[in-house]
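Provided herewith is a single structure, encoded as structure tokens, for subsequent inquiry.
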Amino acid sequence: MSFSILLEQLFNGFQYGMLLFLMAIGVTLVFGVMRLVNLAHGSMFMVGGYLAGAAAQATGSFWLAALCALVGAAIMAAVIEILIVRPLYRRGHLDQLLATFGVTLTLNELIVVIWGRAPVFVSIPDILDGHTEMLGFPYPVYRLAITGVAILAGLILMWLVAKTRFGMLVRAGADNRTMVAGLGVNVTVLYTLVFALAALLAALAGMMSGPLIAMQPGVGDPILILTLTVVCIGGFGSLKGALVASLLVGLLDTFGRIFAPQWFGAAGNALANMLVYVLMAAVLYYRPAGLFTTRGGHS
Amino acid sequence: EDKIKLGFIAALSGPLGVLGAEQQRGLDLALEHLNNRLGGREVELYTADSRAVPGVAVQEISKLVDKENVDVITGGTASNEIMAMVKPIEAAGLTLLGTNGGPSPLAGKDCTPNYYSIAFQNDQWSEAMGRYMNEQGIKRAYFIGMDYQAGWDHVGGAERTFKGENLGKIFTPQSQLDFSAELAQIRAAKPEAVFAFYPGSAAVAFVKQYAQSGLDIPLFSSAGVDTLFLPAFDDAAIGSVFSSHYNAGIENEANKQFVADFTKEFGRKPSLYAASQYDAIMLLDKVVAQLPAGEIDRKKLQELIGSTPFTSVRGDFKFNHNHMPIQNIYAQRIEKGEDGKLALNLIGVASENVEDRYAAECPMGK
Amino acid sequence: MSKIFNTAFRRSWILWLLLALVVLLPFSGETYYIKLVTRMLIFAIAALSLDLLVGYLGLVSFGHAAFMAIGAYTVGIMASMGYASVWIVWPLAMLLGALFALFVGFISLRCSGLYFIFITLAFAQMVFYGAQSLRAYGGDDGFPLETASTLLPSVALSNPITLFYASLVILLACLYLSRRLVNSPFGRIAVATRDNETRVHAVGVDPYPYKLVMFVVSGAVATLAGALMANLTSYIAPGYVNWLVSGELLVMVILGSVGTLVGPILGAAVFVGFEHMLSDLTEHWMLIFGPLIVFRVLFLKNGIYGLFSRTRSAELSADRAASGGH
Amino acid sequence: MLSVKEVDSGYGRGQVLFDVSLTIGEGEVVSLMGKNGMGKTTLIRTIMGMLTVRKGEIHFNSRLTRGMAMHRIAAMGLGWVPEGRLIFPSLSVEENLVATAVKRKGLNHSWTLDSVYELFPRLRERRFNGGGQLSGGEQQMLAIGRALMTNPRLLILDEATEGLAPKIRQEIWQTLAQVKNTGQSILVVDKDVKALSKLADRHYMIEKGRIAWQGDTEMLMADTQRVQRYVGV
Amino acid sequence: MNTTPLLEIKNLKKSYGALSVTDDVSLTVEKGEIHALIGPNGAGKTTLVGQLSGLVPSDSGRIYFEGKDITGLTTAERAQLGLGRSFQITSVFPTLSALENVALVVRAHAGLGFHFWKAAHRYEAAQKKASEWLAKVGLAQAGDGPCAELAHGELRQLELAMALAANPQLLVLDEPMAGLGPTESQQMVQLLAELKQHYGVLLIEHDMDAVFSLADRISVLVSGRVVFSGSVDEVRESEVVQRAYLGDNDE
């Protein structure tokens, strides 16, 4: 394998990793803050993609569509939070798992009812279309853009959580929501905001994936599983962990897909897919609460 | 009054859901044309969703057989699910008149009286495409496809007939939608053309990513890239060539009528999936008409499918002894129509009146 | 017979009536419904085995479908090699399931809470892709069961009625044995571990072997369910280990009521029944079923079984267990 | 400033408080005493709005607090040091102090990070440590500091000296005396009767959820029998 | 004398980063004595308890129990040897009844844990033993509902019964009076005074009244180091202890 193709594959792995990171931030944030395991996170990815598709068709503008997708998903998430998720904070993980599983099933089907089973696509806006020659190989501009946006979103979020008072309150709420309220801060709204923010990030990932992959009912499911894997590897509640694990998984997946079929022949594809989970088991064996354990991250 | 219980099974959801839905349109239109009667008998229709998952397909077949007690089953979307469905259908003494895909094992050594494919045998499409690539003067090609029965058949067919240098072959898992790593590998091999097999929504993802990846070489495909997906493509897809046993532009009376009615009802031209299913119902109409009144003789029905002449939208049609069609395979290209929309235009016959290469291995009816 | 069931069950005539109906069902001769109920029974076995983990150890396994797959693949592969007798195939399947559980348990029981939930999912995914890599057995697509398992040379499970009664007997046997297990000193320590693991350590008991044994037992039983399922569907595919199936198994357990053994059986029956009824009703049955699950979590705190039994201890127990390894 | 009038309250189906009345005036320090499980914490939780008032009324700053969300009641100027500390383990010491801090106008004395650190030098040493890494006593200091940082109109201390070393305890009592001198109103629960009698102006004794006795420090000192009976010293 | 002490800690150390929390701590506890450990907040007392029970791994140093080196053993193994611990925050099995809680401990120590067949409540000897322990701590009347419904004080009694049912030689108690009112504290003091004849006790407590009335020996931990060790009177007199811990005016 020549150096330039190796580099290109590194880029691919990195880009994939960053997309996963966008998803993982949401899961880890919602868990870190509200101790909520959210299986409906994949649906937000899907909803983002679909809303963008529908809005693009209606308005003809990618940028408007992007806005619609983000705002729409955030509003929907807020509604879900208020109606369904709120009572779940006080429940155990099992109840949360189940209820959000139900939400996923419902949303998947709702998409079918509204948009049918045909895949929905968004066209890439002209300035992001095509490819650019860099470091000796052509690379799709759009994928570069995804990477950029994900990095930016990640940085903003890390800053928000680590450095701002909003972030402090959010983390304090994670520790003890009653106590935060007892000190005069409204947690309920804070939670709705965080939940919507997480959904917005997932929708961003979905919206950006739209032009690359086919949006179809249930597209969010496999992404969700990978995201959960990433978050487990990184450590629930840890943003740093999510970042490291996303990149690990992105690269492992990309290189696994290239090499495993070469090494294992026909069975290679399946084995390549397995790698990520082997990594997860290995990591959890040595660090039962993920790479970057946060206080209270292990329940 | 005599009735016939018709089972229709197709991938109505999942990544191939679009195809199944199109098959259903073909079915509905045909039944509409026939006033919901097959050979004069009123049709009781039972629909099942196989989701293109073999395990699910088997379960749904069991429902059609055990619960609905259907007389005959038509449909089937993906090759792998068809392979899975055949066994329980055989066990129940029923017949599957397949309307999409023709997996190679069922065309060859595993052929069975209980299964017909009215659409095509998988290799038929792609062998034609391999030849077409030769004609276009392609010397170095890379092959890629989805990792399942149809992918193996299609890619294998194209590889077999392609005469130039075969630079490599990649199969990607059925669930995979991001092909960046594979496209990079392909580009590194510097081929002159790529042959790809991607059915359903993966097709759209693949073609779009192909266009963005900086691979400025022709894409040949025998996949389910079809009229159905045209709205999803950018102009980047213009020029891609696909093979198929059907194109809405085929000239004959039956097709003209079919295309006109379909367009009237659904606002666009029919795709091959609708056409094959439409054909199947038209054939069943003729078959059932020959059955004696009263209880349906399922064995007889099975035999009649292979021997009853009918008017296909493809023009002449004939089943081979292995229950696969002998037919023309056409080349079609994505072009921009006058209305500014993409169209899948017929550009010629890739192979004329071909049977599939597995027929010889099938002991049946020889 | 009544010893199998707990007090609440014994008191409820509805449940007895249901059992009687089930036993008599094959006399109706409706193959389809016999198969449907067989499906319920098989899932009930799997759900029961999952309840041993979720309900009595507080360990939420999100990968239990893997065991069913191991059972199914063992049956399928053995059949293709010419071994169909259940007296060979079942013990082998359970042994394999137990060994796999031992391996998975060895690694994942170090984790708790969420990590346990998702590491079991990871192992299930490995089994999923492992099954896919078996190209000789259809890879991604799976393969049909060549010959049905046989109880005696002439009694095959391909007969729906035979399969039905075999499943029923196995379910009742599993229920009886599970009941004994959870009430034994062993089971009590398991429950104590669920309630407060740190305290178990401090009491001088290392809970690890208890968890491991329970995990192995649970895995072996679920494997048996898979072996039966292979005979019901006559088709074996990686789809057995789809994460949705693991999710559905959990839904069954919780729908019925966690930590009650009988509850998950009811849960399985209701789940399969609903799936069947709703999908007859509308193509979009998930649009009803999804909200139903949410409804159950939000409003029906003690599950279906909770409607029959209303003891405080059961409630607490379910609460504890539902908190998922907190 | 705070008036609790004939209040009933409790958890779930059980009632804990019966007909409880209590008032705290501007700048006044009031103590609440009673044996374990008599309802002191429950009363405080009810005042904070964590438990619903089943009967009676609570006014704070002459506003009826019924139906108000807990955070709104707290934001009106209640600084709560809860039983069991409940600091935020995943925030650093400094973040614990800053996150919910409030600057309030019209107070004689205003707490800042610096003045809290001066009060508890140990906290300054550990300012970048996670709250969860602190020892029990350090956490208690943090909880008090955190409440002070909200610059409350009424400071509520529920067993604020529990688990503190005797020396620190003394220091805290001294500090509270200082705080009192700035005009701060305080409601304090503690088992150290001697310290309470020095600090507080008025005292309430609670038994089985009812106010059994109330009076000023003089009356308290005079009536050791009662103290014996209701507090058990 | 050649009697080995019940518990002997030698040069135990634990640090988190630059902070040494326990620094070269050595002390012993004999059978039949209460050895109190006092010290300012953050001195490292709870950390030391963690190291003793095996929950916090030590950086260096050794722990001997009845002369046997237990430094490398797990929590459960230490408990089996007879190192009992009560939890500062009540820690029981909430869905089991009080009797079951204790019986479970009795059975586990009789090696009956891995019995799968007979129902647990049919092990009559264990049941009987368990009710004896309950009676001893004053809980004879606890019903057979789940113990989550017991009152706070009752739970503390149950807590102790469970610790005792495990047949400990040594009890390590971390602030047992915390959260108890004066009356309850006094009762606890009485109970501990009775118990100490049969066990060794390492007592950590900020309640000086309790410490002074119970302890046979007192060690003072400051910044992870034992700065003083002696009898109650010696501690009372000590300048060092006054300054570091007790403060100027006695309480």
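Letters A, B, C, D and E mark the chains in the order given here, with residues in each chain numbered from 1 onward.
Note that contacts are C-beta pairs under 8 Å (C-beta built on N, C-alpha and C of every residue); 3 or more make two chains touch, one makes a residue touch a chain.
Because the structure is a prediction, the values reported are computed rather than measured.
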{"item": "Length of the shortest touching-chain route, chain C through to chain D", "value": "2"}
{"item": "Intersection of contact partners for chain B and chain C", "value": "A"}
{"item": "Far-end chain from chain A, centres as C-alpha averages", "value": "E"}
{"item": "Chain closest to the middle, measuring from C-alpha centroids that were averaged per chain", "value": "A"}
{"item": "Of all other chains, the one whose Cα centre sits farthest from chain C", "value": "D"}
{"item": "Geometric centre distance via CA averages, chain E-chain C, whole Å", "value": "43"}
{"item": "Inter-centroid spacing, chain E versus chain D (mean Cα positions, whole Å)", "value": "31"}
{"item": "Where chain A and chain B are represented by their mean Cα positions, the distance between them in whole Å", "value": "36"}
{"item": "Where chain B and chain E are represented by their mean Cα positions, the distance between them in whole Å", "value": "76"}
{"item": "Multi-partner residues of chain A (at least 2 other chains)", "value": "112, 266, 269-270, 273"}
{"item": "Multi-partner residues of chain E (each touching 2 or more other chains)", "value": "none"}
{"item": "Residues of chain C engaged with two or more neighbouring chains", "value": "132, 139-140"}
{"item": "Set of all touching chain pairs, with the criterion as stated earlier", "value": "A-B, A-C, A-D, B-C, C-E, D-E"}
{"item": "Chain E residues touching chain C - in the complex, by the definition given at the top", "value": "53, 74-77, 79-80, 84-85, 87, 91-96, 100-101, 104-105, 107-109, 112-121, 123, 145-146, 148-149, 162, 166"}
{"item": "Chain C residues touching chain E - in the complex, by the definition given at the top", "value": "180-181, 183-189, 191-192, 195-196, 198-206, 209-210, 213, 312-313, 316-317, 320"}
{"item": "In the complex with chain D, residue positions of chain A that touch it", "value": "165, 168-169, 171-172, 174-176, 178-188, 294-296"}
{"item": "Residues of chain B defined as touching chain A within the complex", "value": "12-15, 17-18, 21, 147, 170-173, 175, 177-178, 180-182, 184-185, 187-188, 201-202, 204-205, 208-209, 212-214, 228-229, 232, 234"}
{"item": "Contact footprint of chain B on chain C as seen in their complex", "value": "31-32, 35, 132, 138-142, 144, 233-237, 239-240, 283"}
